[in-house]
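Here come two complexes built around subunit A, the first alongside subunit B, the second alongside subunit C.
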Partner chain A sequence: MLPRHRVIGLGIMLLLLLVAPPFLSSFLLTLLTQALIYGILAMSLDLILGYTGLASLGHAAYLGLGAYSVGVLTTRHGANFWVTLAVGLLLAAVVAAVFGLVALRATGVYFLMITLALGMVIWGLAHRWVSMTQGDIGISGVPRPDLGLPWSLAKGIPFYYFSLAGFLLALWVLWVVVRSPFGQSLVGIRESESRMRTLGYHVWLHKYIGFIIAGTVGGFSGVLWGYYNGFVSPADVELATSVEILLMVALGGRATLLGPALGAGVIVLLKNLVSVYTHRWLLILGAVYIGTIVYAPEGIVGAVRQFAKGVKPEPLRSKA
Partner chain B sequence: MSDAPALALSLSGVSKAFGGLRALDGVDVQVRPGERRAIIGPNGAGKTTLFSLISGEQPPTEGRITLFGRDVTRFPPHRRAALGLARTYQITNLFPRLTVLENCLLAVQALGPTKLHLHRALSRYPALFERARSALDSVGLNGKEGETVRNLSHGEQRQLEIALALAGVPKLLLLDEPTAGLSPAESHLMTALLKKLDPAITILVIEHDMDVAFELTNRVTVLHFGKVIADGLGEEVKANPLVQEIYLGTEYAGDAGR
Partner chain C sequence: MIRHVVALGLLVLLAATPSWAQEPIRIGFLTILTGPLAAPGKEMENGIRLFMEEHKNALSGRPVDLTVLDTGGTPAGTLAKARELAEQRKVHVIIGPLAAFEAYAIAPYVNSQRVPTISPSAAADDLTQRKATQFFVRATSTSTQPTQPFGTYAAKTLGFKKVATIADDFAFGHEVVAGFQKAFEDAGGQVVQKLWPKLGTTDQGPYISQLRKDIDAVFIGFAGVAALRFLKQFEDAGLKGKIPVLANQTAVDEALLRNMGDEAIGVVSTMHYSAALDTPANRKFTAAYRKAFGTDPGYYSVGAYTAGLFLKQALEKVRGKVEDTDSFLQAVRGVAIADAPGGPIRLDRHGQAVHNIYIRRVERQEGRLQNTVIHTIEGVSQFWNYPEAEFLKQPAYSRDFPACRFC
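For the complex of A and B:
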């Protein structure tokens, strides 16, 4: 069971997310919607980065797979939401299953490099497979989904609630997984792979399943992203996006699920507000990254927890 | 199979080379079920390497390893664990940022089907918690359940090492220097704890402290530069001049022989 003060805190946050929209400008509502969708993606990365200890630099690939599924199927075949959702999830799962076979042969920085390369493969496809993806031009004119609801999802507020529902669904799925015996095994692998092996765990299999779940949930965020943006292009799957997701997880706090979602919110807001004043957004991003690593290695959630316990943050240390 | 029960462990002609260095060289060891066997030898004799070959963490360069009559030479560690093998580490190898109970739960669920369950919370498996608590009780760590492992004393971490190995109810237990770094008092407690273990468990123990080794076991295998140089009952091995030379220095062996 969760402690009472956390239940109350989470309840207040949820309430704010539920009642805020009518009071927000349409610009802020748009950003909040973006934050929710990126929040799903960041939480899915947290499953392998935070819980399992595998830093992937190719996670934007799954956003792209979901988004391109929507783009291609809606504009060419007039597919409805459920078809695009099914195809997007399945495609992300299958690609994660294939990529996992390659990437999980390595650990540490080698895993990072391989996932980076695999992410670039997806970017290359988006860029060069013009007959399917329209290359650099991207796919525009993606309609908002029609679920037969009384509210049109073409409008900002209904689509916000639609995204919020998707966010809560993804949060629930990942929450159940990380608290399960399987989820605990991922944490064990992060802490000591060798001990897990001799205890009797087929470590590779656990990582592989985790990797596929993370990819699939990432694909889900991509489906929402495609509908939200109405436009899909190689920019969605480029390296910078993968780096941003990694930063969202680190900034919010690894292995906390809601931390990365919070990190996604902060990054999305910063990115959009800062870029009003300067083009040097990446410079700010880098500064935030360094600041996080040095001053709050456990992220926002970690810093808040330590503050609540009244202890000083631990100094920067290398992970054993 | 024959009428005699299969050997708990058998190594035949097992070698392990790291480049040009032969850490183990043609090792033959047979261990009967229920036996308590000490592996002794000077630093660098290949004792820990021997354990990692038995547990499957490293593949042997040559030779054959069987567990309970099954050839496991090519088995990965988790399949050997499934046959009833457990080990502890000389350099404590735990899950330092998890609690004592969480450590033990990971060990308890390791050999069951529930480790792949991902649809409901671990806290909904009371049987696992019961077994984890009883493993902690058996090593005297009850009351420390909620402590984070890295905040435990070294002695307590050594106890937890044993608890993790026992949690899977092993048939063959490899203990790599269970008393390493313990104070004499702690070492005494650890020895008492190990002596109380179920006699049905076959135990191999690497031990530098000869008193502990002879107290826990009746048979001793001596490794030196990767080779077995003596193998037998404790007293026989103690009387072996070669062993005396290695352990007590040539002067002593010379004196004894004069």
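For the complex of A and C:
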């Protein structure tokens, strides 16, 4: 099991997330909700980026698939939450299965480029399939889900807890996956694909299944995102969004699951809070990225771990 | 004795003034200050800053607290900033946003939060048509408000028969072309080719070489810097002077014009404003703007300035009592200004401005390029001369509607 101090740390974080809402302004609360949803997306990317070692530049596609499922089904067909959830997850899984067939032929920078191209296919569809997606204008007027609970999810606090529940569920699913023998073999593949192959593992199939799980969980975050914003547009599936998710994972710490969620929180809060106070917010964000890469190449969680072990984090140096 | 009476009178007056009179009116301003639309976003901010300076940061006797926020040019960012303004800053009114996709993202939200919102720039037609909401009004044209009359003008007055169109591949570009095409074809013209370079395309060459050779004119619908490159490459291709260029409201906007050269001369365009418009109100406005920023005002700055005028008139009508949301909203929706920089302007029952549309030609005057007004169409509504009910029954203008029958 987990070491004791980490259990305590996680417990405190969870407690903070549980009791914070009544003390926060509604604006901060919506940002925190956004951070949770992006956290799910970043964690799902971590499964393939951190644990399997495959950098994908098309992960926003799954966010978009989930969000567009919500947008189209609720505004056109008045579908309820469970229908949109099922369709969103299924669509993301199917698309990930198809994209995986194409993308997993390659590794490294080629994998990066193929996923980028596939992500742009989804963007192109969102932009050009006007009869379905309303093109560049996007779909607005998505109502908040009605789960038959005594609290209306249209309000900030209930929706926050709803997103928190979704976040914990996604965390649990991904945690079970990475702790399983299957997850361990993904790490093995990351470390040495050829050795795993010699040991008799079906490397490609492992990567393929990991890719589909990541896509499906990404689709789940998209479903929440659609309901959270009440709005879906091609901007959600742009390359810029995919890059942002990558940065969240790198900032938080690869292969740590909670790290990327933390990275998502930091970026969402920085982006939205700093830009209120200064128009030079992109500079500050850039400085944070560079600072992380130079001084904490293993991300926030990596730096904390090293600090706990008493090892001074070593600044990045050229290995020449 | 008299002094005492005056002092006493002042005291009574002060005591009688309700407490809200000292509370500032909080205005949220949403613009884009980073990314590809940052330049127009800055112009927009200039417009409102000039307005506030002219009014010494006070309207209807109350100080004004203006918060300018950068949306980053994404729908989600705009929504987050609208939330910040409505929930955190508790603003009484929002002026913004810049782009159509941003406006679509926040319109349902501001309506549910009951924050009156005046758009100074975001032009998407449907926001004041099929998807109109109570709390959203517009101090500028819809996308097609200038291009529909222009279509009629191009067919009837300029006598063009066959026209090709080329425009940015996003909502605004789709709409301006669609409006032009509808009116142009209804007046007997034919749109024979429609090209859509992706927004941000750096090289327009491949599109220019695709242009058909049998056209009478080309209509361009660019929102940003694409127009700069297009006109330059159009001249390089040897087409300037051979094929006349018609432009939408933003392609030869004053903000871009100052970076253009002789290649722009002769371009005929359509808009609800021109910095060269010779009216007393506009002479005053352009003089003040030039003094403050050293450049001519254009689409984005005049929109923000006019939104300021809307706000001022509505506040005067409710005597500064902006807290009474219902009567304030009613006052905003009933705005009618006789002498805005662009001429008379009023709101129709959908919250959309009805105003003059000017046909302009780019000329060089006193060494700099300007949009000389060559024709004025007065009191143009968003429905042009189509019956409103019939207009609203047809599908919204888009990339695919009206279909290209003559392509």
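What we mean here is this: the second predicted complex is superposed on the first by the 303 of 320 C-alpha atoms of A that agree within 3 Å, B and C clash if a C-alpha of one lies under 4 Å from a C-alpha of the other, contacts with A are read in each partner's own complex, and residues count from 1 in each chain.
Here, a contact is a pair of C-beta atoms (placed from the backbone, for glycine too) under 8 Å apart; a residue touches a chain by one contact, two chains touch by 3 or more.
Because the structure is a prediction, the values reported are computed rather than measured.
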Inset, instruction - Figure out whether A:E191 sits in contact with subunit B (first) or subunit C (second), or with both, or with neither. - result: first
Inset, instruction - Check whether A:H202 is in contact with subunit B, with subunit C, with both or with neither, and answer first, second, both or neither. - result: first
Inset, instruction - In the overlay, answer first, second, both or neither for which of subunit B and subunit C A:S180 touches. - result: first
Legend entry - Residues of subunit B touching subunit A in the complex: 55-57, 76-78, 81-82, 86-87, 89, 93-98, 102, 105-107, 109-111, 114-123, 125, 128, 164, 168
Inset, instruction - Note which residues of subunit A are touching subunit B in the complex, please. - result: 176-177, 179-185, 187-188, 191-192, 194-203, 206, 209, 213, 320
Inset, instruction - Report the residues of subunit A in contact with subunit C in the complex, numbered from low to high. - result: 25-27, 30-31, 34, 127-128, 130-131, 135-138, 140-141, 229-231, 233, 235-236, 240, 271-272, 275-276, 279, 281-282
Inset, instruction - Could you please specify the touching residues of subunit C with respect to subunit A in the complex? - result: 33-34, 69-70, 72, 74-77, 79-81, 83-84, 87-88, 100-101, 104-105, 107-109, 124, 126, 131, 169-171, 174, 398-400
